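Down below is the structure, laid out as structure tokens.
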């Protein structure tokens, strides 16, 4: 049987522009905000400021990378903030007990173990991820308090250790946290976009039943996503600990929602099955630059809240409107 | 005669001051054969604190110590205890005046005075440096909405113009009692203002966060850092010569004072209504007089 | 009751089984660990439990509707705080102050209207933009909180009116005012969801929105009405609670959304929409409140409370799963 | 007939999607009391045309007339208000709700205070259900019904309102013969009441049985209208696909090889009991039965999706325990599932990725997915199955129903399985592709694969199978060779009558 191509429209440039807009709605929103802030305050685009914003977004950003995996696989992770506090406290405590070379792998192992527990509960036991991670948010906080006895953790000899390199070091004039963030984003971006595992993550999030029918071991994929998330959290905790060389038990508190906001702002759907690492990075940067931009303009923090609200909705609106090709929702 | 005393704290996990307070309180109670305690934590939530007050009343304890999450919202709950003939002792930060009738005593630091003292430390330092007429400063306040944060900021802002009328407070942003948050706020300040001579932080945790930011930008040497509630990190930074001054406040004293006040009330002793314990100034110059904080 | 019915009841009602377990546990543990001579299941204590469940419970009823509808509302905590501010602040407005205690019903009305208006804003955005409710209300959680701070900076907003407090503390037929509100709201929402066309449409939309659209249900306005209802209930919760406490911190109500959602999900409502029950939500609210109260009763410290609450949440979910396991021959997907 | 005013008329409708011109100036009308068939290959634009009519899509050009009056269908509500009832190709039901609530979705009868009038609702629903002769009542929860029964619920909606026109978009795709008969009675009734009916189907025998006229679309263009009584299948096929069909059966019998799969005394709860059969390499075994006969469940067990309570499964003579589809796939079993949307496809993923999903782990270049190899596989099966899509990047959710089904088939064919199980493989597939799929099945057998075909279409089973297994209520009643089988003894078998009982 001979095959005919489907009826097509000609090479309409309008349609191509439309498709591009649909794909890159969030990027365009990002550019618009940057232009807006630059107009409002000329310091905004200074290299120092840009680097500063990215550096302070790096911790949030690294966590958002992992949560992107979890969200694409169709689940949520509300425990990242609490888990990050745990990692930070643990690595600081072990630093003085074991030395940095042992403390770091030990902390990663402990964080990944908790990630594995969550992954087991959500992946293998199929418990609802929102509630499991909400429960873990509380439980891990309890664990952290038990571990630290509720005390702040500080590295005793702050000058005599190379531990500060992760948070405060620089290479080629670029702060190390930015380098870590960029490297991890590149690595995970490739994993998600190019490897069989990444493909499975999309399939499981897009339609878990169909994925199972295609021979994908769904539980294993979900489990792995939580491990990725825990790995990112551990990395974030490392940067955090190294940056301030000491910490409170609540250092990551409340970050789970910021992280989620960044991931969603990047266009990942909470229903699972869509989103990319690149867009998450954009989402992280938008949040970082909004905060910074408003701070530079000198608005009260609560004005920032309101502006962030408006910007989140406008950005996501632009994104979905571009995808569906019309501004207003078609629902009656 | 054994006293059963209930305490409802503000938010224990949030920082090591409150944790140390709780530990010290329990230790003091255990050391005293005469008392048994029920220790509750409101987790920063007024509704939960009010529920805990009701529970303590329902359990018929002999006295209630409350560390209010909101100095006014708890007044009706305090009145309930009063009506049930249970004496209430307020600790750490006071409740509002309408509630004074229902309260046996207050025990804690004077946050307004603390703010004022921080302003004095800052001003004195500027005078030593001879920049009291041109200095520009920023403030990083505590968690928005909390009495302690509000009172310290107020004390500072009221006192500063009295002692150093020409110092300008350029901007205030909250650091949420959080070192990392404060570090971010300070980073933005550093970009925004080329000339910052001083930073007042609502506690040393935030102060050290700001110091870290300034160090990273290579500008720590130009800035006078003054905080409050001298934490161990602040004390160390002071010892290193990075951090100028703070207010020495011990959670152990705070907790022991509260428990003692409660016992005194129960024993029918005459206690003053406002039981402030002293919170002296601490700076690089006099820090030798103080031991390093344990929290 | 036939055995078949009993087993379906158990399956549906994992939450009630869990409540019974909690009560037994805290009663026994209380005997050994509590300072109080009174039993945990003391009648007055149980009445207090109902009363203390009211702030979360009233909002949870609205959240059940929203979640059955296939949406979610993360802004309820901020709505709660803003309504409280309006309630307390409006009583100090000159014309209101002039009315004396007659200002109270007006203050309530203003607060409730605030809630409805905030809900309408959320609902309208969800309707017109088609942006997922999770995102809209996540934004609103920040935005409304910003409005809260704008109103009075970082200062608490206070107005202590003893008439109001006395009303809120009153007991009628043995139940506290707050309990009455909780029970009324529960009954009303049960009626709405099971007996009215609006309620049934809520289930249909949550189950299959496309089918509902195809069937000609006006999904947009429907969703907006539901957001107005939850806004109203969040405000009502504030009215009930702040009538008794008289002062609101700008931070009040933070994390309420998470607790409320937890209660609703514990009650068995699906996060994906289409199924859920008001009565089970009531169970979910009680379960959380008993847990908090019980842990206090036996004198658990902060670390333990956090640890236990977290693990229990997961355990209940697990229990529910075990009770609902389908036969071995079920499809393994 | 032309002197009557059409109940509905569509004029020069154009509808484009990004990259696709789905409708290219199509005109179409339906008269009152007429059953008008709309035919065309998969992706020809039938559903799109109906969605334009039903207010779900807005046309780029063209107009719609109801009676004489031009109208704008801005949304489904408008269409409904104009008396147009749309029975969708894809089920559009709320599964947690009852049958009654689904049938009256959007127009539940009301009492005061917005209360639902349950009494009226249930009474009316039961009346309609009686008319449809179905075995469930108004209070049944839709999610517990089989797909066929869910389809009947959809159809029941046509009877709830005073309709001017009813659109049936492939209503029989998942119905068995008995239910089809009921459906045709319903259509007759509606016709007598002067309702205009638009009927979309790929099944010629139905088209010739119930329709008055046939309009044909091809590649989004209108190709002409035929009067059913004056035409034949061949002419319609010509118009649809531009050539005639070769319907002869591929008789190239491969030598039957070894037993590829053997099932001994398999039971699974009360889904099916004590089922034994074997399929040899090179053999096509058809499974025929009524809805609920348990065929799908057997297939799912063989695919590792269900745990059997008793019995054994042997592959190449060796007993296996399959715990998951991954296990089954590793042993060379493939399943084209019954429910393509729920089980077969990730709708939000593109065509290529869907097709290669089961083998991503094998298609690797270093640590990465070998996208070139994937595209090659996709191209190969697109050509072989004639899948209409602008390219592999198109999201599967945007394909027409039949093309979606072809993606699923391609996905499993490309695995080169030992045992291929296909469950209702040609549901919603056009005649051209259907015969192509039948050929493919035969070819596979000829190449030495074992094939299990589950189908509710008797002609299909008769056409492709070497052997036919009849099932009734979870039991295997009888196995026929292609020489023994007749329509009569097959129908008796699937109604539970065993050969010995008949003799008695």
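A few comments on the model shown:
The chains carry the letters A, B, C and D, assigned in the order they are written, with residues numbered from 1 in each.
FYI, a residue touches a chain if its C-beta (ideal position, glycine included) is under 8 Å from a C-beta of that chain, and two chains touch if they have at least 3 such contacts.
Keep in mind it's a predicted model, so treat the numbers as computed, not measured.
The chains that touch both subunit B and subunit C are A.
Among the other chains, the CA centroid farthest from that of subunit A is the one of D. The interface with the largest number of contacting C-beta pairs joins chains A-C.
Separating the centre of subunit A from that of subunit D, both taken as means of CA atoms, is a distance of 42 Å. Averaged Cα coordinates give subunit B a centre that lies 71 Å from the centre of subunit D.
Distance from the subunit A centre to the subunit C centre is 30 Å, each centre being the mean of its Cα atoms. Here the CA centre of subunit A is 34 Å from the CA centre of subunit B. The set of subunit C residues touching two or more other chains comprises 149, 213, 216-218, 302-303, 305-306, 332-333.
Within subunit B, contacts with two or more other chains are made by residues 12-13, 22, 144, 174.
Counting partners per residue, subunit A has 141, 145, 150, 209, 212-213, 301-302, 330, 332 as the residues that reach two or more other chains. Contacts between chains form some other arrangement here, matching none of path, ring, star or all-to-all.
Listed by label, the pairs of touching chains are A-B, A-C, A-D, B-C, C-D.
Residue ranges of subunit C in contact with subunit B, taken from their complex: 34-38, 42, 44-45, 48, 51-52, 55, 149, 154-156, 158, 160, 165, 168-169, 241-242, 244-252, 254-255, 292-293, 296-297, 299, 301-303, 305-306.
Put simply, subunit D touches subunit A in their complex at residues 16, 18-22, 24, 43, 75-77, 219-221, 303, 305, 324-326, 328-330, 335, 337, 342-349, 353, 357-358, 360-361, 363-364, 367-369, 382-383, 386, 388-390, 411, 432, 436. Those residues of subunit A lying in contact with subunit C across their complex are 78, 121, 125-128, 130-132, 134-143, 145-146, 150, 208-209, 212-213, 218, 257, 260-261, 264, 269-270, 300-306, 308-310, 312-313, 316-317, 320-321, 324, 328-332.
The touching residues of subunit B, counted against subunit C in their complex, run 4, 12-13, 22, 36-41, 43-48, 50-52, 54-55, 58-61, 69-77, 79-80, 96, 98, 141, 143-147, 149-150, 174. Those residues of subunit A that touch subunit B in the shared complex are 43, 46, 48-49, 52, 56, 59, 141, 145, 149-152, 154, 158, 168, 240, 243-251, 253, 291-292, 295-296, 298, 301-302.
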